[in-house]
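The data blocks that follow each hold one structure.
Okay, so chain A shows up in both of these, paired with chain B first and chain C after.
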Partner chain A sequence: MKRTPTVGEILQAKGVSRRGFLKYCATTASILALPPTMIPRIAEAIESARRPSVIWLSFQECTGCTESLTRSATPTVEGLIFDAISLDYHHTLQAAAGDQAEAARHAAMEENNGDYLVLVDGSIPLANPGFSTIAGISNVDMLRETVAGAKAVVAIGSCAAFGGIPGADPNPTGAVAVSELVTDKPVMNVPGCPPIPIVMTAVLAHFLTFGELPALDKHGRPLAFYGTTIHDRCYRRPFYEQGRFAETFDDEGAKAGWCLYKLGCKGPITYNACATTKWNSGTSFPIEAGHPCLGCSEPDFWDKGGFYEPLSTGNFDSGAKLAGAAAVGAALGAVAATAGRRRQAKYTKEG
Partner chain B sequence: MDLLEFARGPALQWAAYILVAGTIWRIFGIVLLKEKADFSEPRARGGLGAALKVIYTRSFTANPFKKATLYPKMLAYVQHLGLFAVVLLFVPHIMFFEGFLGFSWPGLPNSVIYVLGVAAVAASIALLVRRLTSPVLKLISNFDDYFSWFVTVLPLVTGLLIPVRPGFIRYEDLLAIHILSVAVLMVWFPFGKLGHAFLVFITRGTTGMVFERRGAKT
Partner chain C sequence: MTTTETATARDYPFHGNVRPLLAEILHAVDRLLDTGEPTTIDLASLPFGPGELAYLEETLGTGELSANLDALGSSRIRETAFPGVWWLEHRNVHDEIVGRFVEITRTPEILSSQDADITAGRARLGDQLD
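== the complex of A and B ==
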């Protein structure tokens, strides 16, 4: 019988040096806020682990999450680590299609029953199961069937984690998040539009090392990456404190790199690691490129008011309704004054 | 809808309706009352000039009372000027007003606002202590005084906590509580003693006009 190679053997075969591998383990321990004593354990766990079976389901999504993962600068160690998992089903990346692809999914589920991971990107339509199908199987049926034997489920991207853009008002497909359908398995959300590649690989490294999901916040996100706001880690933060803001995208403030709060930055209410891990091999992140944070890793970010409206702006239609309130006030005042005049007349007469 | 969305949306919206309707209700209810008959012979016209003069002169204490009222007066100035700066000169607040007024004005650096905000809270606490320890003030104080103090100080405290980032609460929850505390203030504003913010001009103006007509020194 053919022996399944370990992750360590695969990395060695791909030319990853011992130094490079340990550097990755140290980085992973650091970003997961684990003590340095955990580095050898991570290294040992990843090296000796058999390739874990991963089934990746793509539902109502744009493939941006897969793009993010596959376009991470290659060949990084984290990219190779992801290569080293047994990605048994991913209908964007796999060569097989139709019945063959479905057979691969079923085979992976049977061979690794109770041990495989299910990664999901995209939301699931409930208004009409026919809105989104794969091989004639509705998304909701495929999800239920696949997670039945899974060890854990990871919702990749904001659509799978919170419903995302398909779930935005008026949510025509009745899109729901994975966590609304999967209640009997551990579910971790890795939101973002798309999520940061190293966040995806680091949580998998954590899973390989400890056999469980990392500590999560109230939205089911790993605290190591979603524990602080973009605003708290933003390099433009001093300008916020000094009251120096870019007013438009091309004014002197924007050129000087001042705070983007007035241009609608949602950094103060957005929990993500963009400001620390950054994108494109640590090159930059959206704010560094001159655009406000959209808050894409937060639930319902699409429906939280205008992207370019400052956070401190009230979300209410003011004009006509406020005028109506003023008219009501004037009418009440007139009634009160009339009653007052009657009382005045009465006292004058009696007086 | 999370707490912040509720605070920024329906809570603020209804608070604004109540604030506008309540304020106009109170002003109309007073302005439309029948003027009391004045049987004395007018010594002067008692026009707008007299009203503006008293609105200004009553901002300062009359000479005989200056020494006795120096302490509460200074506290009141610190509290009111601090509140003015925090509400109207903090850049995120200016953006809030710009959202529905359509225009803005220059603000102060956050650090200056924090100092003024802390000074306003300290002055408010000192004024409350004075109210609680002075037998006369205690006797004439009622629920309105204490509740008005509470709803004024609460937004200041919650707002000042936001940059501190206390570990026990998340930023967006604290921001939501801050906005909700402002909504409570807006709802109470026209109906309690906080109404002096707009009624003060009517009462001082009316006093000025009546006094001048009767020949009293203003």
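== the complex of A and C ==
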């Protein structure tokens, strides 16, 4: 097997100075959501990290995850990361097709047996394997064959992580998540519809830097990005604490940027990094654009009730929890829960 | 306070996210003076509402010293109006911001000449004399 250059060597070959390398490490720590105190360790790891092979499988999906990843204004840091991985198979991005494409996948698996990373977007249909095939191979067979020699598997997007839209009620294709089929390898979920581009590249950077997947939460999501709720880091949180809410999308509160809780914001129970990482080259995120969070990185978010109904009406399995918070005296929680109950009564009356 | 209360100019664009950060910087300055320990704050990990980041930058102001670094895109490193508090902004080759940090230190490490670069430079200088 040919010796792959280390990331340090790749940077050196590009004429990057040590100062440039320090800058690279600082921005890598930032995109990995690691504390700046980790920069020396990152520098040490990056200098010796080798270029891993990556195989990307797309099953029942809309290609939105790939669009998110590739249509982002890619910073050089990410560019370097992509120079520093070997993306050996990706339906949408690769030039090869048919037998040649499948040959590339098999070659990557053989050459890097035990060391390669498999990325999957899309869910896998089990009701009838013929619902989704690639080169005549069913999704479930291709997944099983490809992960056999993988070091780890990353489920990109809510479909691969939790079943997503294909798995939504009544789930006509019998769609399942990657983690339901791959039980003998480390599986990391990077949900979102789509996931934040920089989160996808950051988890690759983590694997590249440290040779292993980062710490995960109970849903298999990297804690660095899914460790706090949208609400925890929302810039409108101070308004929640003050009890200032937008009641409609065009009232004075909405215009003043008050909290969107009563308009159905799922931020309090949604774990993701949108509030700080933001979208479109760091321009903003849905709440900043005036729309409540839909909770797209949570399991089965499509089947959790109306997007515009407040959490305290009991959707998203959280009504009891929030009502409890109100009971223990979070002043605002009390206000919100009361308002939510009012809203629920209104829906009941109208519905 | 009721939700029908009219929003005032005072409410916008300041959502109350800057003041706690200024307090954190103040504590970091104390730590630098007391123990010499530097602090780096990654601004990408903190919530800011519209206008708040600009307000923070404006509040910290500009001090006596600033430097430009040209490596993997440009970087601007400047001491704020508060000595020991530095504002670092890293851009990529497309001039997009890829990192913003506040460093509380005597001199940001990235300003120092690095041994690897000094060694490479010495070799180049030596070649010129050969």
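Operating definition for what follows: the second predicted complex is superposed on the first by the 265 of 351 C-alpha atoms of A that agree within 3 Å, B and C clash if a C-alpha of one lies under 4 Å from a C-alpha of the other, contacts with A are read in each partner's own complex, and residues count from 1 in each chain.
Operating definition for what follows: a contact is a pair of C-beta atoms (placed from the backbone, for glycine too) under 8 Å apart; a residue touches a chain by one contact, two chains touch by 3 or more.
It should be emphasised that the depicted structure is a prediction, and the values quoted were computed from it without experimental measurement.
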Going by the contact rule set out at the top, does A:G243 touch chain B (first), chain C (second), both, or neither?
both
Given the touch rule stated above, what does A:A275 touch, chain B (first), chain C (second), both, or neither?
second
Looking at the overlay, does A:G305 come into contact with chain B only (first), chain C only (second), both, or neither?
first
Once the structures are superposed on A, label A:Y261 by its partner contacts, choosing first (chain B), second (chain C), both or neither.
first
So, does A:T313 touch the first partner chain B, the second partner chain C, both, or neither?
first
First, second, both or neither for A:T229, with chain B first and chain C second:
first
May I ask you to decide whether A:T183 touches chain B, chain C, both, or neither, giving the answer as first, second, both or neither?
neither
Looking at the overlay, does A:R19 come into contact with chain B only (first), chain C only (second), both, or neither?
second
Common interface residues of chain A - those touching chain B in one complex and chain C in the other
242-243, 245
Quick check: in the complex, which residue numbers of chain C touch chain A?
1, 3-7, 11-13, 15-17, 40-42, 44-50, 52, 69, 71-73, 75, 90, 92-94, 96-99, 101, 109-110, 114-117
Which part of chain B faces chain A closely enough to touch in the complex?
2, 4-5, 8-10, 12-13, 16-18, 20-34, 91-93, 95-96, 98-100, 107-111, 163, 165, 171-172, 175
The residues of chain A that touch chain C in their complex are 16-20, 22-24, 26-27, 29-31, 33, 35-37, 39, 73, 75-77, 79, 233-239, 242-245, 247, 252-253, 255-258, 275-277, 281-282, 288
Complex interface listing, chain A residues touching chain B:
229, 231-232, 240-243, 245, 261-262, 268-269, 299-300, 304-305, 309-319, 321-322, 324-326, 328-330, 332-334, 336-338, 340-341, 344-345
